[in-house]
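Report on one structure; see the data block that follows.
Naming follows writing order (A, B and C), and every chain is counted from residue 1.
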Amino acid sequence: MDTRDAFRHNVLTSGHRACSGCGEAMAARMVTDLIGPEAIYVNATGCLQVFSTHNQQSAWQAPWIHSVFANAAAVASGVEAALRARGEDTPVIVQAGDGGTFDIGLQCLSGMIERGHDVLFVCYDNEAYMNTGVQRSSSTPHAVRTTTSPPGRVSEGKHHLKKDLISIVAAHRMPYAATATVAYFPDLRAKVDKAMRIKGPRFLHVLSPCPLGWDHDAALSVTVARLAVETGLFPLIELEYGAVTGVTRLARQQPVEEYLKLQGRFKHLFADKGGAEEIRHLQALADANIRRYGLLDANTEWDTDRASQTQRHGRGGYAASSREVSP
Amino acid sequence: MNSCVQEGGGGARDATQHEIRFHGRGGQGTVSAAALLALAAFEDDYESQAFPKFGSERRGAPVEAYVRISHVPIRAHNQVYTPDAVVIQDSTLLRSEPVLQGLKIRGLIVLNSERQPDGFNDDHSDFRWLCLPASRIAEKYLGRPLPNTVLLGALAAGSGWVSLSALEQAVTSHLAKKGEDMVKVNIEALREGYRFASQGEEVAS
Amino acid sequence: MKSLLEGSRAVAEAVHLCRPQVIAAYPITPQTHIIEHLAQFVADGDLSAMFINAESEFGAASIVLGAVASGARAFTASASQGLLLMTEVLYNIAGMRLPVVMVCANRAVGAPINIFSDHQDSMSVRDAGWIQLYVESNQEAVDTVIQAYRIAEACELPVMVCMDGFFLTHTFEPVEIPQQTAVDEFLPPFHFARALDPSRPMTLGGGSEPDNYLEYRAGQHRAMEQARDVIEAIDADFSDHFARGYGGLVDPYRVAGAETVTVTLGSTMGAVRDVVDTLRENGMAVGALRLRCFRPFPAQALIHCLAGAKRIVVLEKAFSAGAGGIVTGELRAALHQAGLATPVEGVIGGLGGRDLTPAVIEAIFRRAATGASSVACRFADLNSDAAPST
């Protein structure tokens, strides 16, 4: 990995067709520039693939392949096997959205992890099928409005809860799995750095706001992502071999309304009594995360050396630890 | 090579072809027996073919396998319907399966049984019965009642279609992976089956 | 030197000889023995390839896609439901023009679930853009796998070697396994110019719009059309190297002077040859033709061999419900296009492992020879009493 001058590789270069304020474009640019062009990128079908390789054009300045929606992890397994057969150790990176990770791609992802392929799988999670026009996925949070989970006379949006994917992935007892967002770049960088120093299957779950699907001001993508963390709705954690080894703690917990009110996808919850009940439900889910991961605790059992680079907290105040992390 | 396999060929194909059907139960080495017979025929410079009755493999369930032995290349991949001989590894199959179906007139029956069973003699078909206690013989050599090599020895003696030495060769190469001891005891079992059948135990019905 | 080998073992040996670097598969009857043997070769250190146990056939196809895109020679095998689960990826492999080689151990498609052989699986993916070669014997399966890598890599098109499940995969018969040195001479190492490589970054599988998608697809068709000559040339070259050839695209048998010719695919041809010999001895002017290459469809080669026939029967183990025999329809179109009005009778048989016995085949010939023929397709050996009423 080349870390000499991150953000000068332009692995995902300018001129692509992402929407303004696209969290996924931001996240992909950060992640791929941290990794650099000396890697092979495998993309699932989705927004990133569509906006970066529109009609015979390509924004990729690294070898990049897209096959179909569900198979990115399997294609990457094949790429990695081919490299290994030749004795090469070029990093192999998968990029997929939540559809290609939580839903249609989950089986291939599980196979890739179980077989121990040396691949970093990055999920840019914008919590719905944005590419096809904002349909609900299993990553869509509870009570969200999408085109296939519309609020109506007898519905307050999506009935079900957001799938706890990081736990499912970590249950494979894989070397490294972590969550991150576009709002905390140093945290993201630390996690990418760490992932790239580890051999074997690794998973990075990056929350990536979508101004179109979440219906928020395109200028607020980072703010919204930050609030997802600060409310406790999207905990920033690290897991190694199935155990939580790192937690980004919060100085204080924001009420979920602060997060919800910026986004049109939750607007219906502020309209009536039923909505108010769902807001309380969402608050309870956030509170459960706070308790589960000790997000407000001064000290937790997870404050290990290995997790040290993500210990400190505060708005945007994360610096990557220079300490080497042994896999 | 027979030239008739090429375009424009044709002509007389030597009709000498022996078809053998094996009956057994899953776990008795029925498919292996067929493979061994085909291997032996191949060793004897015949063309040969062996295949199981196609289907799932389940321990204890009735199993069939087929062998063709011929002087000319075997082109058809059909199952065997009118065998020249049947080898029955488990006599209880006589009651539950149509083991004698299609057996040619004067066809050979090699049966794992102490004696010839009653009620299966057809005056018109004139079958040749060759009954021997293969499980008991196998027990003695292999330590378990796996009758397939004993019956193969008997089939070789009773039919004359393959030589004992070719069968020994086939057992040696087929079981090589399982170790020298396994080869040795199976060859002993094979020879015992051959000896038993050669001593005139064949019973004409 | 020939040895008596199970078909699956023989094919695994052939794959081994082609020096694949990545093998990915998911087990399905009757393909299993092929991949079990390959797994054993790898486990014993005899074959230095990555053997990847995929989580599904969809995954297996995707893994070989990734491997070949990275410049490795790869192999997979499947059948039936498994092949259909691969379908999306099969199209993708062909569209990306990746020279993947796979074996389809032909098996029926459910429902009702049936593990036995017919051609419905590979015929169902006939439009995916894969070259499809149907083999008659285990020797041909071995030789065709070796040819397939040459063809695939020369054309940058994927090749599916179709061998009848059980009838070939589970049958022991004499097979000559070529020498490694001879195969190495025939099949050079794989070099893929479009391989994923950081020193020459390329984008594979990007988007296409109405202004150029048609051109990509037309290019794929053109490559398939050109593959006919390559398949013939490589079979001829194989024959020079190994003294065994299979006629390239089609394999005629005693069609000279034949009035009634049966066209078929796969292992059924063996029994058809025997029946042709028997009927010829009885003075009937019959012949047969095996369609070895179904995709690309060898219309010209077929016309060339069938021009003298008075009537043709297509005996095939797959069909399009509501339309009839697939090869039947394509052959009729080819004859029509060539200005020939030869009647073609479509006979569907051997479905779900039903044995096409010499007696059944002989009856098909005898019926056809009387001139009885109709446009409607017919099922051979159909037991009307056993058919469930619907």
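Here are a few things to note about the model shown:
Note that contacts are C-beta pairs under 8 Å (C-beta built on N, C-alpha and C of every residue); 3 or more make two chains touch, one makes a residue touch a chain.
Please read these numbers as outputs of a predicted model, since none were measured by experiment.
Contacts between chains trace an open chain of neighbours here, each touching only the next in line. When C-beta pairs in contact are tallied for every pair of chains, the largest tally goes to A-C. Spacing of chain A relative to chain B, judged by their CA centroids, is 64 angstrom.
The mean-CA centres of chain B and chain C are about 33 angstrom from one another, to the nearest whole unit. The centroid of the Cα atoms in chain A and the matching centroid in chain C are 44 Å apart. Residue positions of chain B touching 2 or more other chains: none. Among the residues of chain A, none is found touching two or more other chains. Multi-chain contact residues, meaning those touching two or more other chains, do not occur anywhere in chain C.
Contact residues of chain A toward chain C in the complex are 37-40, 42-43, 49-50, 53-58, 60-68, 70-71, 74-86, 90, 107-108, 110-111, 114-115. Chain contact summary for the complex, chain C toward chain A: residues 21-22, 24, 48-50, 52-56, 58-72, 74, 88-89, 92, 96, 196-198, 200-209, 211-212. Chain C contributes residues 2-4, 6, 29-30, 115-117, 137, 164-168, 170-174, 247, 251-256, 267-271, 273-274, 276-277, 280-281, 353, 355-358 to its touches with chain B in the complex. Considering their complex, residues 4-5, 7-13, 34-35, 38-39, 42, 47-52, 54-56, 73-79, 81 of chain B touch chain C.
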